[in-house]
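What follows is a set of notes on a single structure, which appears directly below.
For reference, chains read A, B, C and D in written order, and residue numbers begin at 1 within each chain.
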Amino acid sequence: MKRKIIFSIALLLVSLSSFSPANPIRIVFFGDSITQAGVSKTGYITQMLSMLANQGIADKYELIGAGIGGNKIYDLYLRHEDDLLAKKPNITVIYIGINDVWHKTSSRTGTDADKFEKFYNALIKKVQASGSQVVLCTPTVIGERYDATNENDGDLNRYSDIIRKIAKNNNCTLIDLRKAFLAYEQANNTENKESGILTTDRVHLNENGNKFLAETMWSVLKDLK
Amino acid sequence: MKRKIIFSIALLLVSLSSFSPANPIRIVFFGDSITQAGVSKTGYITQMLSMLANQGIADKYELIGAGIGGNKIYDLYLRHEDDLLAKKPNITVIYIGINDVWHKTSSRTGTDADKFEKFYNALIKKVQASGSQVVLCTPTVIGERYDATNENDGDLNRYSDIIRKIAKNNNCTLIDLRKAFLAYEQANNTENKESGILTTDRVHLNENGNKFLAETMWSVLKDLK
Amino acid sequence: MKRKIIFSIALLLVSLSSFSPANPIRIVFFGDSITQAGVSKTGYITQMLSMLANQGIADKYELIGAGIGGNKIYDLYLRHEDDLLAKKPNITVIYIGINDVWHKTSSRTGTDADKFEKFYNALIKKVQASGSQVVLCTPTVIGERYDATNENDGDLNRYSDIIRKIAKNNNCTLIDLRKAFLAYEQANNTENKESGILTTDRVHLNENGNKFLAETMWSVLKDLK
Amino acid sequence: MKRKIIFSIALLLVSLSSFSPANPIRIVFFGDSITQAGVSKTGYITQMLSMLANQGIADKYELIGAGIGGNKIYDLYLRHEDDLLAKKPNITVIYIGINDVWHKTSSRTGTDADKFEKFYNALIKKVQASGSQVVLCTPTVIGERYDATNENDGDLNRYSDIIRKIAKNNNCTLIDLRKAFLAYEQANNTENKESGILTTDRVHLNENGNKFLAETMWSVLKDLK
């Protein structure tokens, strides 16, 4: 009798887990235009969903995009309650920093390094206080030339270093997108082109770029619990 | 005789209390380096206190400086809970905007006009929700030449227009510092100098500038309740 | 008979020469994209030619455009031998300065005020040494708002002042385009629009802007000899 | 008797030439503030002179500084007749480009890459036409961090590539200062400091920097004839 009950419970658990987990892991991607486009047909979040489906684990995760074009770190801070915490994420992936650097040269409205760090830390504190795990990403590229001749390369490298330090100081998982993208360009951009390898316009990702981003992110996210 | 003395003391205390209210009006000045220097020996807040003392009304007001050098509108938003609301002001005077414009040309980290407006509105909403009255100031000057040849004049005028609009939309009292300063330069800067009239360095106020600022502000603040 | 024919031919030649002068006044317009577009169908040089034709004085002048998009004062200096002096102008109209100011904010490659003046003076010296009369123009507009809220207004006003000073110091005729354009905006831009009155895009002139420019320039050029 | 006199004169001429060559090689260094400071007590030109004296070959060379603070490529073009060609150099060393990049971020008055190339080529053409040999230098550093995190690194690398290309196209000797300086920083700047290794302020050279510059330049110049 006792064995029968145990067997039934085991069966029930199997059934539940095989049909639809009561609590999929909810991951919110909090970022800029790349994340806003991430939920489009070829966007990185859409492609990540396909990857999960192919692996038969789509129902274990809920992926939500929360990106707005032109956002910098302080814009994320301004809208973190309404657009992030309200979604009650288990995992928050912060992918920001390109506009903080780029807008220095495009519109003279970038973000000073010290304020970038200050707002980033303030945001992490709020998200961690909400109970969500926080994952940080370094910014990808502004210009795809692999030989360090893109105008914003110096600052992108510097702000990436700041993010790496913040991740360490706050015990956050890091997805080092910039490192991955630079390695990809080194290996594949044999003509040292400004765009067209992973981006359409030096910044925004083409389908291949979104695919590479999805794979790079997932290689880290898959191990989080 | 003894009763008479006691009576006199009682009368005196009553009189005093009628002069010295239990609840002075607390005004917090929330701003940038000019406000940070506002509490120094010749700063505008210090000079305003002297003015109130000379008028015999110093005990009716409590003036508190909350300025930090380099602050822009989004920095005020970041620290409004700790540095402003925690002080429980009756009246909040927001005097910001110079760095939002100036840092465009000095360090490529100014604030876009649309985001300036968005953060300003968000800040007002928070302060008004706390029960404090909100007073807005237009930015003063970056360069004192009166003939519209200072590099940042166009943007300073534009951001001043934005603040005037925000004040109107939120039913906030406006202290139009820029208008007052431009009129002062027109009348007094006969040699069309870049600095030395109201500022030491085109932006930060000299003693005379702090005096003029104190008078201009008080001419509006005195009527608030 | 023979004498009569000879007399008739002589008369004819005299008549012809009174209609078509052997030496029309050659005016070269030396400038940037506005001057490059000045020779297009609705450009200001083309419209000026029509004005002259309507007044029956087209054959007294030769108008030549020598504008290249993106040019600043130092670009004019670099190409003044090949593109200006080689054309042996009687009158040189220099219309430059917009990009020297504008590129500060659009691409961080504007021209410092002191170097603007130095190159301008060096150019005038070379042109005057060639025997050409030199006419200077102040820059028109970058943004058409009449209330001094266009971002580059401060610098445009300042560089205009520099050109006015250079004209005076070098005994050059001045065409004060900026003054004329600002007066036009004040009178006609009742909605305070950024573009669409005299420009298509805040800088480059629409047909009406080219017409106003042609008239403004000609009102000064017509009196030169 | 006559033969004796002739012999004596011949001897005298030989003696004279061995003490002080009739025609030392005249090298003019044409550049910016680093070259202006190059003739100061610890400047690179002064140190190069000491090196030559130590090697006993000081009288074979005449080293002349022609640097002016703040100069960019177009400033060199403007003053090449008066400040360079008038000195009749055998060898012209052009060391320019730092301000063309730096002023983009310091004052929004840098030089566009395409115009940098155009003015550089125009300058070389003029100098070569004068009969002087032309030697080009890549720009050194704006910030000494060796890990590609200095803000201007991307552009410095790019403009260095442009200079390398110009040198090749015009058959000019190249002194690749940037390559040498980056290698030095990699080897010696173990703490990845912004300044203090070869510069005092991220750009201008300290005594050690001037020494390294003198040695690097001379290692190439010594072989020129």
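By definition in this document, contacts are C-beta pairs under 8 Å (C-beta built on N, C-alpha and C of every residue); 3 or more make two chains touch, one makes a residue touch a chain.
What you see is a predicted model; the values in this text were computed from it and never measured.
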What rotation angle takes the CA atoms of chain C onto those of chain D? Round to the nearest 5 degrees.
180
Relative to chain C, largest Cα-centroid distance belongs to chain A
Express in whole angstrom the distance between the two chain centres, defined as the mean CA positions of chain A and chain B.
41
Let me have the rounded angstrom distance from the C-alpha centre of chain A over to the C-alpha centre of chain C, please.
54
Whole-Å gap separating chain B and chain C, where each centre is the average of the chain's CA atoms:
48
By the touch rule stated above, which residues of chain A touch at least two different other chains?
105, 108
Enumerate the contact residues on chain A facing chain B in the complex.
74-75, 77-78, 103-105, 107-112, 115, 118-119, 122
Would you pull the chain C residues touching chain B in the complex into a rising list?
105, 143, 147-155, 157-158, 161
